[in-house]
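Next come two complexes, and both contain subunit A; in the first it sits with subunit B, in the second with subunit C.
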Partner chain A sequence: MTGMQRLLASLLLLAVIVYLSLAMGDVWMQPFAKLSDTDATILWDLRLPRLLTALAVGGMLALAGAWFQVLLGNPLAEPYVLGVAGSSAAGAVLALFLVPDSAWLMSAGAFAGAWLGIVVVMFFAPLGRGSLLLAGVVLAAFWSAVIALLMALLPSRSLVLAFGWMLGDLSRSPLPLWLLWLVWGGALAAGLWLSRSLDRLLLGEKHAAALGVNVPQLRQRLLWLASAVTAVAVTAAGTIGFVGLVVPHLMRLLFGSLHRPMLIASAIGGGALLMFADALSRTVAAPAELPVGVLTAMVGVPLFLWLLVRRDG
Partner chain B sequence: MKRIIFLFVLLLPLHGLAAERILALSPHACEILYAIGAGSEAVGAVDYCDYPETAKRLPRVGTYDRIHAEAAMALHPTMAVALNDRTPGIAALRRLGVRIVISRPETVRGVFDDIERLGRLTGHAAAAAKLADSLRGRLKQLEADRPALPPKVFYELWPEPLMTLGGKGFMQDVLVEAGARNVFAGLPMENARVSIESVMRAQPSIIIVPAGTRDVEARRQFWRHWLGDGIRIVTVDPDLLQRPGPRLVDGIVQLRRAVAGAAK
Partner chain C sequence: MLRFEHVSLCRGERELLRHAEFAIAPGRVTAILGPNGAGKSSLLLAMAGLLPASGGHVLLQDRPVEELSRMEVAATIAWQGELPAAEFGLTVRQRLELAAGDGESLPRLQQAAARMEVGHLLDRDLARLSSGERQRVELAAIMLRDCPLWLLDEPTAHLDLKHQTLLLRMLRQEAAAGRAVVTVLHDLQQAMAVADEVILLDGKGGVETGEAGGLLTAERLSRLFQVELMSFAEGQLLLPDYRT
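Up next, the complex of A and B:
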């Protein structure tokens, strides 16, 4: 297939996934049939906003993952690798510890925590790639310890709220939809603007510098960008694993490593995966809902492994 | 003479052995002990053991799902009434010779049985039997005039993430006794996370909101938005209703009255 054909096929697949995600749920609904008032409310006021949130959050996570992978030169990097998710969760749990039942304050705590995590990571930005990664992993461990400490002290009734958030929940984003889409779109635009430098960075930092890339500046920008986008995604929907790790790899397998096509595909593909996983999460055990993070892995892992084997096999 | 005093001092601790020294390791166990007259033997409790008023003065040894064994042993307990055998800390207490009694009623009637059982174990059998019988009588009366067609209710166990009661467990039985039909009784679990969509589809006529820390007015607005102005909001005191203790029947009566009033 040529690149154009692949793009068209992907867009078609996206349309199918959007349609399925709208139709799936407690009850199967035909989005374009004539609907009762209740069904119309369910479709347009409940399913659609949630779907649009998932699209933006999944896209942001995949973009951030792609950036961290090239920034750290490590295929295992993902949006939470430098501890931003951990600090965010610590902030959320701390807020719950101070005011036990406020979901709103928990989100504010998550956002503040994410930025605290970013600021701490920035101190280590001038280090080499390997050291930065190590610093991030150690910081993540530190935040885990903070979370464990606070969770042990938290009253049991607040644990429900904390766990719900940590497993990811797209149904109650505290951030308005337009803001999520703005960040998603802005992130993609910034990524495309940096894409040529990113391509050169793939060759290694020395080669990139030889090709005229201002490596320290690029790293600084990437780190800020990826962290900020992660902070917004985590605040909106909690910590949803896997999307940010696997979608960029998936898109590299499908579209190659050049960043222009790969970033566009990741921004959309991450959204599509999360959207579909979320639709499944409210369908498979309906009317009970499963944590979306469970479904992202269950959908994504087989798909990824299949592509990996097909490429190398 | 000296020898006699020495012997007396030596035997002094035995004086305390006559009565049990009991740890009430769940809020409902605490309430039951006081209700059957074993309150004076209670030496320690866990968080949220707040009824009756005097129970608040008991030293705390953890939460219902985590017992601090050292703090508990410092109170020299002889018996502990716990919610679950697997609760962290319980194994240590057992190893150190504390008698562990599990109380985790699965039905409303199970609560009365547990009251009697705890009465027998603590030497307050008569008072416990009297209390259990009176509670049984009140429940029977309630069952006699149960509505033929109970209204459909949604129990908002937790607002965010939205959680409710499934068909398994103690609370389902409580709802039945209160003359309410849980719209999610078909779910094979004790509690479940559900979507607003499922609640809309299930079409409850009444939303039960356990009051306490929740902003009831905000919840009313929320449910009116999704279910229309016709939806009724009923509040209950979770301390009465969700604790399998001596005040449970009061909670059931309260809920029955509220649901019947809202269904009119």
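Up next, the complex of A and C:
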């Protein structure tokens, strides 16, 4: 397939996913058919905003993942690798510990926790790539310990809320939709603006510097950008795993490693994957909802492995 | 073009260069020689402004290199170091485009690729090439950049004899056309064949610079590399005795 054909195929796939995500749920609905008032409310006031939230959050996670991978020069990096998700979850659980049952306060705790995590990581920013990654992994372990400690002390009612949040929940984003879309669009624009330097960073820091990139400045910008976007995504929907790790690789396999096409594809593809996973999570065990983070992995893993085998096989 | 004034260079506790004074001029090939760990690569990085000197000044066209922006340095200096990372999957063409900058014409890219005999590899994934092929891609990237000063860190590494010869002849041609070429070399015969000037590093901070003919003698190099060298063909061939 040529690049153009691939793009058209992807857009077609996106349209199908949007349609399915609207139609799927405990009740199957035809979005373009004549609907009763109740059904119309479910479709346009409940499913559509949730779909749009998923699109933005998934896109942000994929962008942040792509940035962390090139920043750290490590294909295994993802948005949570430097402990921002861990600190955010610790903040959320701490809020639940202080005031049980307050979903709003839990989100506030998640946001504050994410920023605390970012401030701590920034302290290690001047380290080399390998050391920064190690520092992040160790910090993540520290935050996990904090979470485990708080969870041990939580009443069981709050535990359910905490678990649900940590596995990802798109049903009650405390952030307004326009803000999520603004951050998503802004993140993509910033990514495209940096794309030429990011491409050169793929060769390694010394090679990028030799080609005229101000590497310390770029690292600083990337670290802030990727962390801030991760903080917003996590605050909106909890710690949804997998999207940020795999979507950038998926898009590299489909569109190549240069960042202009790859970031656009990640921003949309990450959203599409999360949207579809969320629709499945509402459907497969309806009327119960499964955690969306479980579904992202279950949809994404086979898809990714298939592409990987096809490329290297 | 490039001048070192009283430059000292450290890596950790070790002093690699002490008060070094020399100049790199257009139209000359300068070879850097010295034992492992003597600081040859670090010296190249310092020349490129990628490693700060611990004392003295590195002047690029009479301005301290640390005061220039990376873009300004990149417009003058093309640096070739270790093979770049390839785990994120770039093609040869994309790697060359990254070196070339925006709006580079396709014929120039193909010409540079052809000179290093990688024209047939343009659409291949970098990670799937042999080390020698990747090294040739790196050298094609240097040619594409058309900078007045080339800094090459063991450009003959990974190359077979044919491509080593091709490269070394090219370095002579480029110097004849006015380019300044600085290259780290390990092969004494190659250094004698292509270098106008040499920089000898002893790894303890000592630096000797001067005309290649004057400095590349059996006695001096035996001391530098701590290997007894025998001189053949009126000093044009220096060899250790491998059989003792």
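Here, the second predicted complex is superposed on the first by the 313 of 313 C-alpha atoms of A that agree within 3 Å, B and C clash if a C-alpha of one lies under 4 Å from a C-alpha of the other, contacts with A are read in each partner's own complex, and residues count from 1 in each chain.
Operating definition for what follows: a contact is a pair of C-beta atoms (placed from the backbone, for glycine too) under 8 Å apart; a residue touches a chain by one contact, two chains touch by 3 or more.
Treat the numbers as computed from the prediction; the structure is a model and nothing was measured.
In the superposition on chain A, contact of A:L203 is made with subunit C only, not with subunit B.
In the superposition on chain A, A:S156 makes contact with subunit B only, not with subunit C.
Residue contacts after overlaying the shared chain place A:V70 against subunit C, while subunit B stays out of touching range.
The contact surfaces that subunit B and subunit C form on subunit A in the two complexes do not overlap at any residue. Subunit B contributes residues 47, 63-66, 158-163, 166, 184, 187, 189, 192-198, 200-202, 213-214, 226 to its touches with subunit A in the complex.
By the touch criterion stated above, subunit A contacts subunit C in their complex at residues 69-70, 73, 75, 196, 199-200, 202-204, 206-207, 209-215, 252, 256-258.
Note for the complex: subunit C touches subunit A at residues 45, 48, 50, 69-71, 73-75, 77-79, 81, 84-85, 87-91, 94-95, 98-99, 102. Against subunit B, in their complex, subunit A makes its touches with residues 25-27, 38, 41-42, 46-47, 100-101, 103, 152, 155-157, 160-161, 164, 169, 171-172, 282, 286-290.
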